[in-house]
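Naming follows writing order (A, B, C, D and E), and every chain is counted from residue 1.
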């Protein structure tokens, strides 16, 4: 999988992992002593928060940093708040982390908030309780009056390599997906639901009671942006160019299952299905409470994380390498990879040799060979105007095949962030 | 209005001063320039062809009218007899006209030698016409009226490799020289007599 | 007809005014850093050069040669070109503003573009007749524009490269022009 | 801060030496530096025009209306160029031949018009002459240097005298058009290196 | 959230397909050997000397330029060695040593390093070097005079020279099979066609050179030669002859495909290759050079930046409405 010589006559292809390649059933990981929750809000020391160290929390409790904050997290276990601090994410995004010390398994207390409303499912209470479920369902899309939702897309595929979480649900829990889809239909009143699955799951997916679309099993065809483009271009009239993603709500299969299960049972599912890849590249499908630090998972599989190793959240192409072995599993973490420091591929700031490999693999026809020249020269505006920087969907394929080992993806990311910082207004218009 | 007048006046004065200066200079240098042109443009080729001549062919020259044009003829004296005459003809080459001096022995009508005076041929290709001794030597001894041609056109002259057009131009110039010589031969002979003795 | 074809190919490719005859280098290096300016300059040169070539031929034939004033060639040609550029500029500004906005800034540069005067002088030296002078002027101008646009496209890439500091800009531009001129040796002997 | 006449003169020799520091006048630089002799000839001719036109324009700087100044400069420069042309024809004809149309093209040499516009039109007579002389000598030196490099490597001679033994194989590329560009480009690079302190 | 250990943090993607510049270079060198070894076998020690000197001096110039420009030493990527190898392949075996050294200097320094090293050169460095050498020292690079000391079992005259000067009748004796097996005079590594073809196919399959350029270059030669041949078979040689003589094969497989100076999009690659092939035949048949490959490659190199602007529209590009 990792080193493949490509047959030069055809486009380079990377096959997605199928569920059969991993263990069929997820292994449950024992709960940790503490879990960490992420809030999408900068941490400002001294600011008055509604959470305080020492506060007790119950399992499934809805935690928000301030009273009027939109974002919240669900406590995966009951326990006590131990620490609140700030966290700097990729691209300078700032988060607040809340660490909970967990009560042991025998003394778990359950929050009753959701139980009181679950029998009358509605978008309103879904928005209030379910946004922190595994798969991180984005329920806010239903509340944007400018963009009324017309159809729902459920992704039964995993956008990055290695991850099989959503495929697992399609393959093993299609009934639960059907329940989830029905629930979504019920609460949103939208009938049009499209389930996107890989080819080999087409038959299984039929039971979901939704329109089935299949995607190719070669990377990056399951990239959400490409799926959207594929689906939408079939729907929109040809003269509407390009297809806009107005009116589409996208959910992962895992989120749909979680929503269905929540309304069916009254309990919030807070265990995340994650594909864990250890250093020797063995894959395991594991089930783990959201918020569990990666260190604990690694230890559970006797997989020590060593000095200089790389811990990757998300797939190998688009994931994020974290700088702390205490980094927790998040609601949308589908893959965790531990990469041995000796197996980290070399990356250098070489000049582009114009070999064209990137151009041949780019799924959206960006002239990467010229783009990277502009980016390396720091001429971002020209990169946008002449080399279609904004068309890039950030699949990372160009960096994967770059023979000069240029961190192209990083350059693109940096350019986009810089441009966004420079022209925030224009970005909104675009 | 004053400004406009000033502009016009300045420009006019300047132009006329310049014109006057140049006209004067032209007047003074005209003869010298003509001498120089003969000396340096045609001179080297003529001297080379008429290397054994006892006189200075540049100095011993006469001019004949050929229709509208005036043509200079240079006289070479061998053994005290002015029996070789050299003159220039032109033919279109690859980069403009190729100028050719052709020297003819009047008693045999044979070519004594040819030499290139001016050309604008490609350096390294056509320009070899100046240096390619073998090519030039092929004309020596031919009858002036024979109208030589390169082998590609069915003649006997081996072209300079890669420079057929230039070679053709040289042949054409020799051909023209033959015509000219035929036309003016009586007068040439008449003029030559004045150089004898 | 074949005669003209030979002349055109020769003027555009083989005796390219820029790469083989070294004329018009200052604006060549100056306007080739960006494609837009190169295209503008190329169009302006074609525009002016054809007119100047024709005008210079007329003056040479009916004024200078007729009155044996050949020694005033330089001065009269340059004045004609300067006046022509002025006139064209004024005319375009008034009549075709769209074209003016594209070519306007390049027109003053053309007076000192030695390619223009050079072609006029070459035409006289080669003793072309009117049609040949016209065709040659046009072909030379096209050759100039072609070289300029090709050079600009290559140069746009070089600027993005990691050229060592002392070589940057004009220096590497000249070397590249040299190599383009080298490549044009390909057409040698083709007519 | 008025500079002394000496300073005006000296700056043309190094600080503003064309065409390396003032990237102007490239065409003749490329075209006539096949040999040192041609280079020096061109430099001297340009320098002569430069000094004369600087002198005249500086004298007339208060008379010339600003609207037609470029036209006036062109007349002045063109006049001197024609003077040079005639003089060269009369006295150094071989040089005139090898410089070809680049003598009349001094008119459009950006250096000459550039100095007229940038310096002579704003300064007194003496500094203008010094400026013209300095730039002219600087230009001559540059052309001679470039000519020396090209002649020595490209033909194996210096001022026509062989510098290497008979086994030397001339690097002909240097005396051809591409070599001119490459050579000038690399010399510019060396100048940039030398100027970087 | 404090870490107990130091982790490596970098940007996605975290995998790489394992390709690298040096891997590509060494594979190209390997493929070249297929053509060079028969050359060395045929021309003996002088050929071996020229090859080693060319590679060695190219690497040395690269190293010196790295020092002079204060850049990281880049001889490890093998590109300089490839340049040296290709240059040697095109030279006649008995070329004077200083021509080799100057040639590698031109290729590495003028052709590549002054543009910022690998990837920056707008022209194929080897083609630049060969063109300059051919202009300057024609007599040393002329196969007929250079290889006069060898006793060959075949006609020891450059078939292209014969065809150019005396027409196709003069090259009747050259069977295509013989040409393919290298029974013709030529460069050290450019006359053994079979080796070049096998090596080239290997490189194409491994994806180290772009097959589009190679094929279209060969098709360009074939098609234009065929046109000439059909027009007048008594004056112009056959397409097969053009394909297998001179630098045709090395040009198609190894010169035109040089990464930095060739296009990367499909249509431009096809145009680029076809133009190169056509120019080659055009120069051979009506131009003044004996072999047009080097200059044809330079010309298409110039066109490359313009050609490469032809590309498919990027998906999702928002048309800007004023």
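Criterion: a contact is a pair of C-beta atoms (placed from the backbone, for glycine too) under 8 Å apart; a residue touches a chain by one contact, two chains touch by 3 or more.
It should be emphasised that the depicted structure is a prediction, and the values quoted were computed from it without experimental measurement.
**Q** Which chains make contact with chain A and with chain C at once?
**A** E
**Q** Measuring from CA centroids, which chain ends up nearest the centre of the complete protein set?
**A** Closest to the centre of all protein C-alpha atoms: chain E.
**Q** Can you check how far apart chain A and chain B are, centre to centre, with Cα atoms defining each centre and the answer in Å?
**A** About 87 Å, centre to centre.
**Q** Please compute the C-alpha centroid of chain D, do the same for chain E, then give the distance between them in whole Å.
**A** 41
**Q** Centroid of chain B to centroid of chain D, CA atoms only: how many Å?
**A** One centre to the other, that is 33 Å.
**Q** At least two partner chains per residue is the criterion; list those residues in chain C.
**A** In chain C, 71-72, 75, 125, 157, 161-162, 167, 172, 175-176, 179, 182, 185, 188-189 touch at least two other chains.
**Q** Quick check: what residues of chain D touch more than one other chain, meaning two or more?
**A** Those would be 71, 75, 78-79, 82, 86, 172, 176, 178, 182, 189.
**Q** Multi-chain contacts only, two chains or more: what residues does chain E have there?
**A** 110, 114, 116-117, 119-120, 132, 135, 288
**Q** Which residues, counting only chain E, touch chain D once they are in their complex?
**A** Listed in rising order, the residues of chain E that touch chain D are 102, 110, 114, 132, 135-137, 140.
**Q** Within the complex, which stretch of chain D touches chain B?
**A** Residue list for chain D touching chain B: 63-65, 67-68, 71-72, 75-76, 78-79, 82-83, 86-87, 89-91, 93-94, 97, 172, 176.
**Q** Please give the residue numbers of chain D that touch chain C in the complex, ascending.
**A** So the residues of chain D in touch with chain C come to 23-28, 30-31, 70-71, 74-75, 78-79, 81-82, 85-86, 101, 104-105, 107-110, 113, 177-186, 188-190, 192-193, 196.
**Q** If we count contacts the way the header does, which residues on chain B are in touch with chain C in the complex?
**A** 18-19, 22, 26, 94-97, 120, 122, 125, 162-163
**Q** Report the residues of chain E in contact with chain C in the complex, numbered from low to high.
**A** Where chain E meets chain C, its residues are 69, 110, 114-117, 119-120, 122-123, 128, 131-132, 135, 279, 282-283, 286-289, 292, 295-296, 298-299, 301-303, 305-306, 309.
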